[in-house]
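Each of the next two complexes has subunit A plus one more chain, namely subunit B in the first and subunit C in the second.
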Partner chain A sequence: MTAADSQGLKQRGRSPFSRGGRAAIVAWAFILPAFAFYTVFVLVPVAMSIYYSTLRWDGIGKAQFRGLSNYLVVLTESDFLQILGNAFQLVAYFTIIPVAIGLGVASTIRNHLGGRFGATARTVLFIPQVIPLVAAGIAWSWMLASNGVVNQVLQLIGLGGITRGWLGDFDFALPAVGLIGAWVLLGLCTMLLVTGIARIDPSLYEAAKIDGASPWDEFRWITLPGLRQEIGVCVTVTVIAALASFDIVYIATGGGPGIQTTVPGLEIYRLAFAHRQVGLASALAVVLMLLVIVCVLPIQWLTRQQK
Partner chain B sequence: MAAPSCGAAPVVLNSYFETGFPLPTELSKEFTKQFPNVTFNIKEDLFANLMENSPRVLAGDNPPDLIRLPSISDLVKDSLLKNLDDYATAFGWDKYPPAQLAQNRVADGGSPRGEGSLYAMGLNYSMTGVFYNKALAAKVGMTKPPETVAEFEDLMAKAKAAKVPPIIIWNKPVVGLTFPLQNLMGSFGDPGAVNNWIFQRQGATIDTPANLTASQHLEQWIKAGYFQDDINSVDYATAMSRFIGGQGLFLFDGDWESGNFDKQMAGNVGFFLMPPAAAGGKHAAMSAPLTYGIGANAKNADCAAFFLNWVATNPEARKIDVAVGGSNPGGPVDLALPAVTPGSVTEQTLNAGTVIAKDNGAMDFIANATGAIYAEGWTPELQKMVGARQTADGLLKAVQAEYTKELSR
Partner chain C sequence: MTDAAAAPNSDRRYSAKALPFGTIGARTILVGLMVVTLMPFVTMFSAALAPSGTYPPGLQWPADPQWRNFIDAFQSAHMDRLLLSSSIIAACVVPVSVLIGTMAGFGIAKLAPSGSKVVYLLFVLGLTLPFEGIITPLYYEVRALGFLNTKLAIILPLIGLYMPFSVYWMRAHFVNVPDEMGEAAEIDGASAWQQFWSVQIPIARPAIMSLAILQFLWTWNQFLLPIVLVEIPLERTMAGALGAFQGQWGTNIPLLCAGSLIIIAPVVILFLIFQKQFVAALLQGAVKG
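And now, the complex of A and B:
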């Protein structure tokens, strides 16, 4: 090593420090606008909601401090518990059905991805994702009405005895809303899973075939592990969609009959804007946020663990 | 004091109206024709949005001069509405029949309603009752409107037997069953007691023996199949198209539909007030003003008040009120009602107003008792009753519990 070299090393040894300081400033300059937006539109509203949740306030007049009493109401009144329970029931429809069907479709069209069939199938299955939720809600409430397409088909195949106004029926309203959500979310899940399956090395499937693996074995030991991350994303997005659902329920049932399909999102909106109980609405919103985090964190953790 | 006016300088009335109801806009056009210096800057919203937005709009920088008010108690509590007492004196509104203004009076602090200062005026005064399809009525042998509840129920039984759906109603996303229920309350009990509950007077309860009888009749109508079994999934528009399409005999509704029915079912529709329990008894009906108020900090309050007075007293305005709105224009007792087509259902609903005034049977809507009682009380509980998950007695107890809870919060 020459003296010049060692001099250079020394300089290099020092300069990364000062360059690091500059880099940090540059990094902060890039982060700051996004962070400012995040603060203004996420952190501050969350903090305000938490503050409001301790008040009795109609949104305009004088507020009274109420401590945690709003939380006590949310967590003890049977109506609120049923409303939270409804959201968890929706998870079954919003998550399990689209992910299961999406996996089935992805496995089926795996060999035809490039062809016209694959492209058509993907487009058809993705269409619900493009339709606004409100439009989907309206269209489905017509189809599920007592003289709607669903009942007409049932009558045609000799099941006239079970026809009813599905969205107004105490036993079937929530499943009906769940199926609308499943239909909407199916497109997203299929798209993600089909894209994911295309990334799995085809030689794995070939090797499995040579070893005499059945289609089920291929699915169980190649497709499923290969799609773990995509499944993680699908489950996360759909669980949040179920727990924080609003539009489909608002349009299709308005929360009825009774409170059979009322979900936290709808109740928060009603409490805050129709009933003008901003404190109670905020408490329910905070509880909902915590529930979403509690449900989604383990999913995130599981999918990250396996990386 | 000289009555306030719009003056001669140009005025733009900042207005917030309800979407789907052309009456205020038609009135504003006629007003501008008569007073060219006054124009209207009109913003519209659906009723539900109005309900949610009105406090914020009134509290904002540019509060409306004229605003359609879904409910006034909370707004008075937050000092968002102009007290109209001085205008009432100046224009002579205080000489109108007291019942006309009562629903727009609120005591200091926002409760009870029905007494205290005046905070709004009605553009007109709606009347509710029972519309019927004349062709179907003939089919089931109904020759004249029923005179007692028993006769009414007998007609429904006949209709059911003749495979004519007896009653068309909507029950989603908010219930229509409050209409027959409250009509039954008026038949079996004192409408004043129902008003006391709606106005939040001390000690008032909805859970009374008379109301229980009413609730039991409604439950029995449901069990007898007088309503179609899918009503929990039927909205207002669907119910309207069913009735206009001749799919049912009776419809509980208000005179805001009279003009519509006269057009779409001309000659085939009639109206009667809910009959009393016993023959010759008094009639009662839900009746409410089409409420408009003035923002507490409105810039053109005088002109807005002048407009409200003009609506009640100007012959041309009263004509529009009836022709477009379908309801009684109210105003001073000595002013004649505008002429309407003889034999029309509009004529029948207007005449019904005279009967209710004579019997002192006007009730506000039980859905208006508190801001949330409709969505949190009546709607879920009556939907449950349709699904056989709530009883007549349980309904009143559940709604009363919700009422108490809301007033205590």
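And now, the complex of A and C:
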């Protein structure tokens, strides 16, 4: 990206259109429609979110200015801390499972994705990416139901004792939701890593073989560094999916039991539209927006450098 | 990034003995992953064929498959109207968003008027924005504008929400197009607008195609905006209506599963027809987004 950027800068000086007057008006005419939509439906709402977050407002009557007290509630009250904590626990499932399995698969099947079998595998693994997340939520609610496939399999392998309605279980509901997200993201991460590993120079592996490197050495010193950028992409995409999750939770558990699976996105929706606490909802919204940026920036910075 | 799509097809296979496992091992792993991926659909299908209103076991071929459930689900959810509504929404959002995103990407990369750098930075800041972050003010804004409960309540905000990605994506394309292309057209006396349409758009076709596919998927599967901004399920997207359908039929597993499969079907069929383009778009989209 950086090479392209500096190229763009160099070109700018020579660009015949950049010299003032009429040319500038024409140039802005290209940019303005997009910027107008963006301003009206994103920038203004972001500003309004920040403004609402300082109010106590039920959405109908008169609003009272409350300063930063909504933030104090969001960042100190135990329910809110649990909700924010749930989002981070989901990161563990949404991110670690797909990336770990994807890395395992990629380094195992290196370059074996050619031919008709590879094409079929690719197609199948991508299906979760094209269906609505709510459909994934419904399908998995059924998979994880008390007489669903997951319990059938457990019974089959002699683990009948631990079967339960997973999504209604106080301890297992959040991991179960995490599993749904992992299923959705698994194919994308696997394919990203498999295409990434295909681009690593095969002579590196051959040289390692000659030097008597173990499979672990190959993984540690060739595969991991070679896949740095792809891993960065997987982590970024999955972390955002976890922190901003809404659809799956809404459908699969509605945030329950209790608030065991409530995530910030769902709580914003409930506070704003069911409990009419617009100020509190907006404070949580601002916290969520910042949280995503704060989590994504270091990942980008770590994985994009030197590339 | 174009090689991402091409690499898997180039079929550069190295000798099997250089691999930790042989071909058989690799295929076994992939088959396992495919089974896990497909299982939720298989179990929904098996449940959808059970007698309506019963609580079937997760996986079992029913003695007397009830194909009627699909017809009942289709009719009770008014799938024909949902398909139409979803199609109208996508047909409004995608072309507008792609067109103005491409124009802005071109403007920022090639025309670069002073100040466009700041505007570009503002777009980039929106790339990671979770929709929940602005859904509350969006509701009040859309209500003030008078579109609440109409398709416009989904269409217009979505176009705005897609701008960061559209502009980022198209700028990344145009930055890599050599300047000589435009300069040649300029010597011929072409205006910026003519250059854009007759020189730049044709070269940008693959990037535009991928962008259109991604935005179609995001629109078709959009859930939060429809459930907040449109009360009538029949005016929503398919995904939004699925939420209402679950509320209505949540206890009738066979009908719910049949309905969900019908709602999934159009996008899966499209995916199977255009799989190469979809896979390329999704892989590139992840990398650039």
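We adopt the following convention: the second predicted complex is superposed on the first by the 266 of 307 C-alpha atoms of A that agree within 3 Å, B and C clash if a C-alpha of one lies under 4 Å from a C-alpha of the other, contacts with A are read in each partner's own complex, and residues count from 1 in each chain.
Everything that follows uses one rule, which is that a contact is a pair of C-beta atoms (placed from the backbone, for glycine too) under 8 Å apart; a residue touches a chain by one contact, two chains touch by 3 or more.
The structure presented is a predicted model; accordingly, all values stated were derived computationally and were not measured.
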Next on the checklist: After the superposition on A, what does A:273 contact: first (subunit B), second (subunit C), both or neither?
Outcome noted: both
Checklist entry - Does subunit B (first) or subunit C (second) touch A:207, or do both, or does neither? => result neither
Next on the checklist: Is A:100 touching anything from subunit B or subunit C once the two structures are fitted on A? First, second, both or neither.
Outcome noted: neither
Next on the checklist: Quick check for you: in the superposed arrangement, does A:302 touch first (subunit B), second (subunit C), both or neither?
Outcome noted: neither
Checklist entry - With the two structures laid over each other on chain A, which partner does A:42 touch: subunit B (first), subunit C (second), both, or neither? => result second
Checklist entry - Should A:159 be classified as contacting the first partner (subunit B), the second (subunit C), both, or neither? => result neither
Next on the checklist: Tell me the contact category for A:145 with respect to subunit B and subunit C: first, second, both or neither.
Outcome noted: both
Checklist entry - Which chain makes contact with more of the residues of subunit A, subunit B or else subunit C? => result C
Checklist entry - Once the shared chain is lined up, is A:59 touching subunit B (first), subunit C (second), both, or neither of them? => result both
Next on the checklist: So subunit A touches subunit B in one structure and subunit C in the other; where do those two contact lists coincide?
Outcome noted: 59, 145, 273
Checklist entry - Can you list the subunit A residues touching subunit B in their complex? => result 56, 58-61, 141, 144-146, 164-170, 253-259, 270, 273-277, 280
Checklist outcome for this item: As the complex stands, subunit A meets subunit C at residues 1, 4-5, 7-8, 11-12, 14-18, 23-24, 26-31, 33-35, 37-46, 48-49, 52, 59, 101, 105, 107-115, 117-136, 138-140, 142-143, 145, 147-152, 183, 186-188, 190-192, 194-195, 198-199, 202, 205-206, 209, 215, 230, 233-234, 237, 240, 243-244, 246-247, 250-251, 264-265, 268-269, 272-273, 278, 281-282, 285-286, 288-289, 292-293, 296
Checklist outcome for this item: Contacts from subunit B onto subunit A in the complex sit at residues 48, 51-52, 55-56, 59, 74, 77-78, 80, 171-174, 228-234, 238, 371-372, 375-376, 379-381, 383-384, 386-387, 389, 406, 409
Checklist outcome for this item: In the complex, the residues of subunit C that touch subunit A are 3-4, 7-14, 18-21, 23, 25-27, 29-30, 33-34, 36-41, 43-44, 47, 55-59, 100-101, 103-104, 106-114, 116, 119, 122-123, 125-126, 128-141, 156-157, 159-161, 163-164, 166-167, 172, 175-176, 179, 183, 186, 191-193, 196, 217, 220-221, 223-224, 228, 238-239, 242-243, 246, 253, 256-257, 260, 263-264, 267-268, 271-272, 275, 278-279, 282-283, 286-287, 289
